[in-house]
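In what comes next, chain A is part of two complexes: it sits with chain B in the first one and with chain C in the second one.
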Partner chain A sequence: MFSLRQVRPLVTRATRCAHTRVQHSDIDHFRQFLQPSSILSTLTDAAPADLEPFNNDWMGKYHGQATTVLKPRTTEEVAKIVSWCSQRRIPIVPQGGNTGLVGGSVPLRDELILSLANMNKVRSFDPVSGILVADAGCILQTLTDYVGPHNHIMPLDLGAKGSCHIGGNVATNAGGLRLLRYGSLHGSVLGLEVVLPDGQVLDQLTTLRKDNTGPRHFLPVHDTSPLERTLVFFKSLTIKPYSGYDLKQLFIGAEGTLGIITAVSILTPPSPQASNNVILALPHFDNVLPLYKTVKRDLSEILSAFEFIDRTAYNLAVKHGQGRALSDEEVEGAQCFVLVETSGGRRDHDEEKLNDLLEHLLSAEQPLITNGVLSQSPAQFSSLWALREGVTEAVSKEGKAYKYDISVPLSSFKIVVDKTREHLASKGLLHDKAVKHVLGYGHVGDGNLHLNIIADAYTQEIQDALEPFVYEIVASYRGSISAEHGIGAMKTHALPYSKNDVAIGLMKQIKQLLDPHGIMNPGKVLE
Partner chain B sequence: MFSLRQVRPLVTRATRCAHTRVQHSDIDHFRQFLQPSSILSTLTDAAPADLEPFNNDWMGKYHGQATTVLKPRTTEEVAKIVSWCSQRRIPIVPQGGNTGLVGGSVPLRDELILSLANMNKVRSFDPVSGILVADAGCILQTLTDYVGPHNHIMPLDLGAKGSCHIGGNVATNAGGLRLLRYGSLHGSVLGLEVVLPDGQVLDQLTTLRKDNTGPRHFLPVHDTSPLERTLVFFKSLTIKPYSGYDLKQLFIGAEGTLGIITAVSILTPPSPQASNNVILALPHFDNVLPLYKTVKRDLSEILSAFEFIDRTAYNLAVKHGQGRALSDEEVEGAQCFVLVETSGGRRDHDEEKLNDLLEHLLSAEQPLITNGVLSQSPAQFSSLWALREGVTEAVSKEGKAYKYDISVPLSSFKIVVDKTREHLASKGLLHDKAVKHVLGYGHVGDGNLHLNIIADAYTQEIQDALEPFVYEIVASYRGSISAEHGIGAMKTHALPYSKNDVAIGLMKQIKQLLDPHGIMNPGKVLE
Partner chain C sequence: MRPSPSRLLNILVPVKRAVDYAVKIRVNPQQTGIDTNVKHSMNPFDEIAVEEAVRLRERTDVSSIKLVTIGPPKSSETLRTGLAMGADAGIHVELPESAPAPEPLGVAKALRAVIERQKEPVDVVILGKQAIDDDAGQTGQMLAGLLGWSQATFASKVEIDSAGKEATVLREIDGGSEELKCKLPVIITTDLRLNEPRYASLPNIMKAKKKPIEKLTPSDLGVDLTPILQTLKVTEPPKRVGGGKVENVDELIAKLKEAGITAA
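Our next item is the complex of A and B:
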């Protein structure tokens, strides 16, 4: 297999800042405060294969050569590790679920990997306000399952929910499937605990002073009696508790380059009482925008997702068994599909709104849709979602994917996909032994298009055909080169396509201020 | 009148950083690029009285001695002023509508006042995405009126809407009456244009590169034909356009201490098709929490405000003609009141939900409410809101107000008000010639209590009785000393009550990084 790592020149801060490698003596130091099971190193007894899941991303695109993975269990342990690495100038890659798509959580060379996987406890949950405080290493699905019985949901949902960590979600400012309804993490994250690059702990989970002697955390819900629950509420955090500069915002989307997020306080919305979804088949892409306007008007505040899937993406999802919504006859002539979800407080009202919308759509003189299927049971509801969420998996089964997560106006979604396909064809690269498919899907509400190019293998020729071509198209539509996947290692060189010099200059100053030795996730976000 | 300014030791960065005063030669310089009407200075032809509205806050609590007010019309003019002041080390106070409550927009001594009042143009509005780009000096109500005909509303609303500027709202991270529904400005502000303390312009309104030669702004809606509106959409910004560190977040809530916000890009939600409100009278404060839970459950996604008003606040609003919701008999025995607002997409559904709630409340065995009034017309709807929004004005008519805008758990709202009243009584300060009323009102959804102490005059004795007493109570409830009014000049000394040393240290480092000469709004936020 051809790896991108072998063909891209490797210039990292590591080379500039006189970084050092992890040595046996460092392991001896870590052994003083870490449990033996928290240390995995080929310098001692680990086999190289043990480190593979940490050194490689799930797509097989990015490959690191770390010798050592540490899995601390407490914030204090993280702080001690970072403090030591700061003195020793050992670069660190913080790693959550390692589900990223831009190489942000994999070493560029032999940095120390600090995995948050063992920091996986819910610290507290207040069922009245919905405020959840959790260790950064908690898996998103685990948190969803945790707050569910209390009639709350997580404000974000994404395909990788079974593996991704909440800390990684925040570090990459993940968007996902619920952004349309619940907004971005910049709004729903209420506080963070961050270990800064010098080992200091920035605790913004509460507004409590350091010298306050009260109990640090309130009780996890499963430990509480009804009386204690009242106490939990009494002690509960408030929703807008910060005064002064909102420092936590700096770490949302910084991808671990300014510090390591060790805990997250997040506002979980009440669970909707009723959820419905429908997949609609559209004869032309041009109908997506008028459909979006109609759906917004008719469903209003119960609209919770409006997801676009082009025909190629739909076909691949069906091919790889990711669910089947409509029969072959029903999708004949459909150029693309839209999945609409509603979430509301009253089933009868929601169903009435949704039925009126469908009637309205089907009885129109010039219908915007050719067909559609409305889920009639929880199983069907899940099955429709599986089709949309399964596109990612279908793509990875089909071949090697070049994934561009871009922000462009909705009206240009199709043009961007088509132009990319035409460009590859003009380079003679659109055939079975090079690029097999070019497809698009994404979140219409936030103008977020996932442009995927599926190739037989990762090659330099395809890479060169795609970049800077794709970034130039994005810039021509005033878009952004990264909507929700982050910059990682993949897009550092492309940052100027969506950030101007003043902004990049200020980013560099802030990086220099917080991480003067450049040890935090070097070579990510900023070159 | 006794002024707080006279009794508080005046230690500002100004004294430390060798700041200089505005001189006649500076005015000569400003004349080179500003229109004569943009310069108001007692060093030339202005009378001191002309500067009074700029030097004093509306409560009559904070008083500056600026000699000069500049009112630039463009971002370029702002940048030229700041650049000059940076070289000359002239401190600057950015001023919006000057409606703040913590002295943040008034000079501490003779800083230059830079008023944004002449930067009051809407730059663009995209009716499909709802993205509005406006100069910082646009008045909130003006923007509400601007987007209204396009079926959009501003995501925030507050009592001062007729005077406050959108730039000031963002600089102070204003919360207001719609936070429960539309979330904080950290989520709804999509981009900012900021003049940095060295005069550089940080343009994060779009993700466009500086060297892109396309049109800089899309057309204001009133200038567009239907065809052009399609074009506007084609060019429209996307909702989650940023990659890299989200720099704009630093300026949200920084109160002009890190730079001057000159334009704001903000997501405006679709106007609700139906809005209703109701004022409920409660026999006991203890019923507020169960009522909130019931209302949240029954109204779900159409709940848009849940405002608390204690009996004293209600009585004062009625006394000063700010609206009357219920008759004297109807409010007998009520200890406090709650205003509930709904906003939804379908009137019949919303009314059914609201009626079911009221029926449910009134038919309960142990009713949570004693009485209530449901608005039956747009006039009544406004009249109920006038009562809640009029509390601020009623307070200022009643006497001199010490205003604390704090974040504490809902359950402690009444305890905090009662403890403060008892404490003042124990100091012998609760009588007609000292403190006349202690009252509370606020936004339940975000745990934001406005604690007001109305005195006959501002005196040092009352001040000393209130502080640090109030801040200590807040800290004991793990609350925040500032929920939505900012820190300003009023609370810099109290910041440690809700921020720890690491956080304050990092705030100071960021201030030093961006504003090494300390010229931006000195003495505000940080001491």
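Our next item is the complex of A and C:
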């Protein structure tokens, strides 16, 4: 099968040392401290098919050739594995739920895959403060279900919640559907436990909101390294809240290139007592921004999501049975749709506000919307969300998707989609046998657009037509090439479009300091 | 005396406000009932009834679709939902917030009184086969008995010949379905497969706010809705205890014997 992945040298500037492959002797070493069920290797008794779910991403776009998957159960086991790999210079790909879209969690070659799937215990939850401490391999939905009975919710929610791991969410700084309300993980993550590339455990699992005094416990596995000395120095520095370098932030969004997150301490907000949602049909894209302004003003603190779906995306979601709302006649002439969600503490208050807004919208002299639907029951509430969240699944059912997760100013959402479509048409690639659909959807509240190009098959021709074209458009609007999906293997070469030389230079220095042998998720984020 | 065949049909749809089916039910600490301070919506079977009435208008000659509900002040929200789906008017037999929930016989008598006071005679009553809160499943049958009308319960398909004054109804029965032909006026109760209710669009929700709702009390109808049954105690089903794994057949048999299960 044709693979999109461009072969790049594994030994790069940050990775001066040559890497080695996993050998039979390495497996023997791992057997000393891992349970037999934690080791899956084609070097011993596993069939290549057993490793397929680990070697390939769910879209079938990235393919690795790893021979070995390790599924440790404890932080100590992770530390021992990493320590060994560091000495042996075996590169490691940390893997969570493997739900990523940019190839960040699959090997580029035959790296060792370290799956966190067996680290799936909740360590503690304080129902008073709402602080949850959980192993990195806990599935997001499981955590949502765990804190739910205590009247709390996870501060993030995304389409892949049934499979994605909290560790992966943090490592990729996932955004998702609740960002508008609860902010990014840089704020809600209070602490992390990270196994560093030399096998040391950096324990910053604080459960205090205002005590970021640096590392609290430090478990040296090796002789003192320059890094350890630096960290001990930080520790001695401060007592005051929020002082010193906030080290955990480095690992949020590092995509496993600086270490392996093994546990997360995260602040969960109290769950809203009442939620409502509404899908609005808009005659023109131009109405989205005025509508957003009106909705923000009228709903203020109860607004919890404002999601944009263009007509193509809506049609695909309906076609693939992802939900339903209005009849075809009712949405005739609508160019795009918006899903608005409210969550608040008092149902009557919220419903009154929402009803006032809708009345105001429908009775306006020049209405911003043509039609819409307001959920009347929890079942309808879920069904409306399914329409938005189901776009991702509908896209993968329709064909092979090129996904760009970009941040651009709100006003240019449509221009970016249209220009991409025109560009593909001008290259003669817009037909049934090449690109079938170009569509956009995303989080208006966060300025985050998902630009999807659905093709009949992944081909080099389409790839060349799209890149660097898309990155150039994004750069021309001073946008970001990766809003919430990460850089992974897909966008390393495009990083300069949204980060300047100084920033990239500093990132490389940090990588060099923490991971001098370049064994952590090589080829991801930085080239 | 029935009116001439040329007259259009009048449909009455009784609807009930019930705890939403997606809500997790909790028994109150006094064990007298359930916690009702949760999301309520229209009983799903009644929603199917409203949808069927609206669809009947699309395929036969329907003059009016009127909803009726019996319940506390908030039940009027349920009427508005039905009006937004396409019904024309509503009747709210209002009960005080603290009043106990009426029982099927009381409801059937109240519905009979509502039907008898309509200026235009009712030809078809469509209602849910049961409400998901008490699961009694008796109101439709009792109403047919009180009125002496035809009844077609658990409908999965409804055809009405307004000229011939006949209804053809496919019923869900054990092991298959049964087709009935009955004279109007008729009581039809709905089953799940009859249709999939529509979502009310915003313009229709707004229009529904202007549709008329007539308020009545049980005494206006000359009925007494005081329950005649007494609820002794409400409890949750016993918690499921987790299963265990056995290594082999012998161990399984030992466990079964231990639990008092033997070959017959």
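One rule holds for everything that comes next: the second predicted complex is superposed on the first by the 478 of 527 C-alpha atoms of A that agree within 3 Å, B and C clash if a C-alpha of one lies under 4 Å from a C-alpha of the other, contacts with A are read in each partner's own complex, and residues count from 1 in each chain.
We adopt the following convention: a contact is a pair of C-beta atoms (placed from the backbone, for glycine too) under 8 Å apart; a residue touches a chain by one contact, two chains touch by 3 or more.
Nothing here was measured: the structure is a model prediction, and the numbers come from that model.
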First, second, both or neither for A:278, with chain B first and chain C second: second
First, second, both or neither for A:186, with chain B first and chain C second: first
First (chain B), second (chain C), both or neither touched by A:326: second
Which superposed partner A:500 touches (first chain B, second chain C, both, neither): first
Partner chain(s) touched by A:457 [first = chain B, second = chain C, both, neither]: neither
Chain B versus chain C as contact partner of A:203, first or second or both or neither: first
Touched partner set for A:425, first chain B, second chain C, both or neither: neither
Which superposed partner A:359 touches (first chain B, second chain C, both, neither): second
Most chain A residues touched (candidates chain B, chain C): B
First, second, both or neither for A:373, with chain B first and chain C second: second
Touching residues on chain C, where the partner in the complex is chain A: 20-23, 39, 41-42, 81, 84, 198-203, 205-206
Of chain A, residues touching chain C in the complex: 278, 280, 324-327, 330, 347, 358-359, 362-363, 369, 371-380, 382-383
Footprint of chain A on chain B - complex, ascending: 128-129, 173, 175, 179, 183-184, 186-188, 196, 200-204, 206-210, 212, 214, 233-247, 249-250, 252-254, 258, 270, 272-273, 289, 293, 296-302, 343-346, 349, 352-353, 407-409, 411-412, 445-448, 475-476, 478-484, 486-487, 491, 495-504, 506-507, 509-510, 513-514, 525-526
